[in-house]
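Chains here go by letter, A, B, C and D, matching the order in which they are written, and residues are numbered from 1 within each.
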Amino acid sequence: MVSVGIIGASGYAGGELVRILARHPQAQITYIVSESNAGHPLARAFPGLHGTPAGALVCQKFNVGAASKAADVLFMAGESGAAMKTAPELLQLGKRLVDLSADFRLRDVDTYETWYKIEHVASSLLQQTVYGLPELNHDFVMGAQLVANPGCYPTAAILALAPLLSSGLIDARGVIIDAKSGVSGAGRAKFGIDYHFAEVNESLKPYNLGVHRHVPEIEQELSAAATPAHVTVTFTPHLVPMTRGLLATCYARPVKTTTTEQVIDTLRSAYADAPFVCVRDSGDYPSTKDVNGSNFCHLSARVDTRTNQVVVVSAIDNLVKGAAGQAVQNMNLMLGLPETMGLEGPGLWP
Amino acid sequence: MVSVGIIGASGYAGGELVRILARHPQAQITYIVSESNAGHPLARAFPGLHGTPAGALVCQKFNVGAASKAADVLFMAGESGAAMKTAPELLQLGKRLVDLSADFRLRDVDTYETWYKIEHVASSLLQQTVYGLPELNHDFVMGAQLVANPGCYPTAAILALAPLLSSGLIDARGVIIDAKSGVSGAGRAKFGIDYHFAEVNESLKPYNLGVHRHVPEIEQELSAAATPAHVTVTFTPHLVPMTRGLLATCYARPVKTTTTEQVIDTLRSAYADAPFVCVRDSGDYPSTKDVNGSNFCHLSARVDTRTNQVVVVSAIDNLVKGAAGQAVQNMNLMLGLPETMGLEGPGLWP
Amino acid sequence: MVSVGIIGASGYAGGELVRILARHPQAQITYIVSESNAGHPLARAFPGLHGTPAGALVCQKFNVGAASKAADVLFMAGESGAAMKTAPELLQLGKRLVDLSADFRLRDVDTYETWYKIEHVASSLLQQTVYGLPELNHDFVMGAQLVANPGCYPTAAILALAPLLSSGLIDARGVIIDAKSGVSGAGRAKFGIDYHFAEVNESLKPYNLGVHRHVPEIEQELSAAATPAHVTVTFTPHLVPMTRGLLATCYARPVKTTTTEQVIDTLRSAYADAPFVCVRDSGDYPSTKDVNGSNFCHLSARVDTRTNQVVVVSAIDNLVKGAAGQAVQNMNLMLGLPETMGLEGPGLWP
Amino acid sequence: MVSVGIIGASGYAGGELVRILARHPQAQITYIVSESNAGHPLARAFPGLHGTPAGALVCQKFNVGAASKAADVLFMAGESGAAMKTAPELLQLGKRLVDLSADFRLRDVDTYETWYKIEHVASSLLQQTVYGLPELNHDFVMGAQLVANPGCYPTAAILALAPLLSSGLIDARGVIIDAKSGVSGAGRAKFGIDYHFAEVNESLKPYNLGVHRHVPEIEQELSAAATPAHVTVTFTPHLVPMTRGLLATCYARPVKTTTTEQVIDTLRSAYADAPFVCVRDSGDYPSTKDVNGSNFCHLSARVDTRTNQVVVVSAIDNLVKGAAGQAVQNMNLMLGLPETMGLEGPGLWP
């Protein structure tokens, strides 16, 4: 039994960690940080936890000593800029960390500082960090001490495209990712008018065209897959009037003539051992509801022979495979537990 | 390990049974009936099951022999009128049945035939049937062979009002239940224009005023609680533009002067041993999101001293506590398993 | 052609006033106040106004002199507490005012101060104010200088119940109003987490049970209709995951035996000359979509003879008949224009 | 005053025609066809029309003689395949027709028959048909007798891209249109499980990748703009959980180095005289709510210099500019009326 702490427990990713870990057979939540709910039971932040053991956990303000004493694994689910301040000390105390913020995702510190406008105060840790996309970095995650949990958009996009780049099937240039996310992706703390129900409901909106912070993360990982080619992507995120769910529709040019079957086969080979990736049959495209509440990524692909384009569709639950579920998957690997532990079982329908 | 079968597996209650039972530590789904998907894997009906063991289960057409051979417990999740045709034979073969339809809910066969316009062909079973609201009938459900799983509206309404009636706190006359349900309550097979997204979205609609089939079920159980008084209720269901969730706002007159605290205390005493009922503090009212995906019923109450009315609010997930979750809770009791087995863990937020 | 000003133009009621007045054949918007958008075109607040004449109107900070010079009629669409500060001077300058806030709705200043926790600084105006529900106060609104535009819940509830009380058909005691509103009813300025899309979507929530500020307004008008009886109401508002629309389901006891037809006839007689009230046939209940974007109130009624309850359902668009549309209807009457001018035409479907 | 008839009045485009024409100062609805509501008032199909003159119009079965006698202009809003059967006779009788189906949109009869799987029985009319996108074909629509009203996706996509192609700014090869539509785009008659609220809500789904029937229509018009180049497009439509609204995110490669400002300027020049196209400022992207209920198309553009891609975003209300509003705009031009008559005024917010 491993003791785990959640820092930033009252946000959406934090709440989802609680939901998943509450049923994990080898983990026990022993430490909960929520600055805004300190001293109160967690059910204050999540009324759905009333009457459950998790709901009775008392939130604390963060304290390195208490964290270290209480937990062996810590999930850092705060805003970017927070984890790097406490990670060095926690690592020295022998803790294992899964950071759900962006602090350790980018290997290049300048790129981080350029896109996030935050000075990096723990850049020496970047080299030992593992980018926690288990489908690509399975063996590196196993046993790692510090894992950077990927962003939601990158998870969907990289799973869709990396195998096609590494197999040389698609061109590293001209990749377009048109992505659509439910509103929970904006986080729980951002409650300006942009997320007011009446403004968002019955509306679809593109935002941050070409300047979204997930761009360098996507390019870093796709470039790694395409080595020695460097990949740049045109990335357009959209806000969709739904709570959960993320779909990335990805466009790329084939290097040479290819077929839908060949693309699907390439994806299936790549993910033959990946328990949470499902490559759908030709002509069968996933909706975000197919992964609602589950840790799955559903992929499908089509080659448009009329226009010579490869289209790959990737669907995840932004809070599960795009955040908390993947974080637990990483924890399992870090600890040598079965990769799927606590994450089995289908999502909700409808 | 008990083998279970689900008849009507491709509906919403059926799918929810699959979701819950897939993680139940003492149950194994061994038999799946979906007439419209016979011969196909269950993932055809629920794309979210692709890649999971449950999704690979092959649907069958119903057959008593096969059902009997494959499973010890059968969940009947078809339309009303179906279960009563097969229940007698299955019971004779020693099977345990949880019927999610209305066939065995009403003790009086005439009432059933009047409200459901269906001739009852197994009325001799009515006497041995247990009405499966475990919070009221816990000991009767334990060991029962045939359990009638309550309707969604009755579950919410009865849990709200029964303790107040049996304690003599509210008047048996003049009870009003103003209920609101998400669209999944209409079932998956009903896809006429009434459930077309564009007609239902951004719209709230009352329906079946005073003539909804759940009326006699509510009155039967509330009358039992109010014995010797007979309870009639004014019942107004509304269709809400959301997928899941059911809220019953109940109004009753106090028999003598009472207070909010007294009502809350009465509810808390009644449900002291009920693991899935949470009575909220004074002034703290539940939303349906509080029970989204969980088997909980959240209750709250207020006495309006200006108008001398008791108001009780009751929130459930119509597909969990209002259907499949309660059915598994019943199964647990029937088999002598812990009541909460497979049903632990919070719902989804957000 | 009358010149009109809108104070608080960047809120939801303000925006709806702009939408309606932009097509009004006898009104011209000549003055726009939005403190947060002062100096900017109105399209900054409402991107949907880009490219329209209304969108080019420049917002100003409020100034009595400028308001008075620019407009003959002023709509006050700010928060409660604001209108009473400026109304006295504007009235002295001969302006006509339609106040969409609560400042002048309650005839009793103590009641106002008790429920709104604001000291009333213009209570001397209360006597000359007309409560602008044209279906009840048609002749008083005609020619009035100061009209208090009713709240959204009161509009729906009073239209449902007043004729039944004034005709002596229902009992003044024991009236229950179970009301459900879309999120725009909370206004545009309130963007705390309570209105975050991810918190509100897929959730139904009761709030302010028995203590909502619309209670005294409803009771004041229903008591006027029931004179000499005094009416108190049990009022439960609910927040519904939709943007617009308000439904009030009202329960009352008949004074003596009555029928659905009799109730419907009473409503139809009362509203025979009301161009915006539609009383539906027996058994035909309105959804909020039926009035989406229109100034109509749809009513339907049923007498539940089993339980001796009268149920009246009332549907409006909270921003039109519940706010801006009714305000324009009042303006029309104040100015001697046809009551329906600028308000004709159906709403949107779907 | 022109007399107009609507064939297929009980569908969503039909209902929207009624809504718009009911307020049109120079048009009077004199003929209404709805096979399923024949003999009944139109309010039976649209409860929101109760109490309005339009709601009292009695639906008829289609009859050429009656249509011809009753109306001078006929809107054909039925399924594809219907209009071509009756158009020849109506045209011979001197009627003006606006066909909202696809029957006359494709100039090449083989293309029509290939994509629609319907034999064309009035192909001789194709040459005289005007493709009714007034922003491109303004002078051809003026005075035309038969206008093919564009599809919703083509309207959004062509308005976004045609000026950039005709000005030689973007490459005719490699155009990608990633489009997202509200559910009303599927029509009102299609009420299979695919449009069941509980299946669609909280879900985003791509469909008909590369094989949607709007592909040849988009390519025909973009090729006309790019002459002599031939344009093929990769087209991916998505179903969005909202009722109305359509957004097309379009990707193209610049022919030579260009800037965001240059693209915006090109669009603004092209639409300088177009009353319903609004080109937003650099960095300001439209949401579908910006055009909810209005006849506007909002465009915005960005050149991603990192990746050398032009991105153009186009938002319309699929039922207004994408169907009924555009049809009325066409009628206005056909009859020599002001282009904007009956279509002025902003949409709804929120």
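Brief remarks follow.
One rule holds for everything that comes next: a residue touches a chain if its C-beta (ideal position, glycine included) is under 8 Å from a C-beta of that chain, and two chains touch if they have at least 3 such contacts.
Computed from a prediction, not measured in an experiment: that's the story for all the values here.
Shared contact partners of chain B and chain C, listed by label: A, D.
The greater number of contacting C-beta pairs, out of the two interfaces B-D and A-D, is seen for A-D.
For this pair, chain C with chain D, the centres built from the Cα atoms lie 36 Å apart.
Note on chain placement: the centre of chain B and the centre of chain D lie 46 Å apart, centres being C-alpha means.
Rounded to whole angstrom, the centroid-to-centroid distance between chain A and chain D, based on C-alpha atoms, equals 39 Å. Touching two or more other chains at once are residues 12, 182, 184, 188, 198-199, 201-202, 241-244, 286-287, 289, 292, 350 of chain A.
Chain contacts in this assembly form a complete graph, since each chain touches every other chain. Only residues 174, 176, 178, 180, 182, 198-199, 201-207, 209-210, 232-234, 236, 238, 240-245, 247, 249, 251, 253, 285-289, 292, 302, 304, 306-307, 309, 311, 313, 350 of chain C touch chain B when the two sit together in their complex. On the chain C side of its complex with chain A, the touching residues are 12, 182-184, 186, 188, 191-193, 195-202, 241-243. Partner chain D is touched in their complex by these residues of chain C: 12, 15-16, 18-19, 22-23, 46-52, 54-55, 184, 188, 202, 243-244, 275-278, 280, 284, 286-287, 289-294, 296, 298, 344-350.
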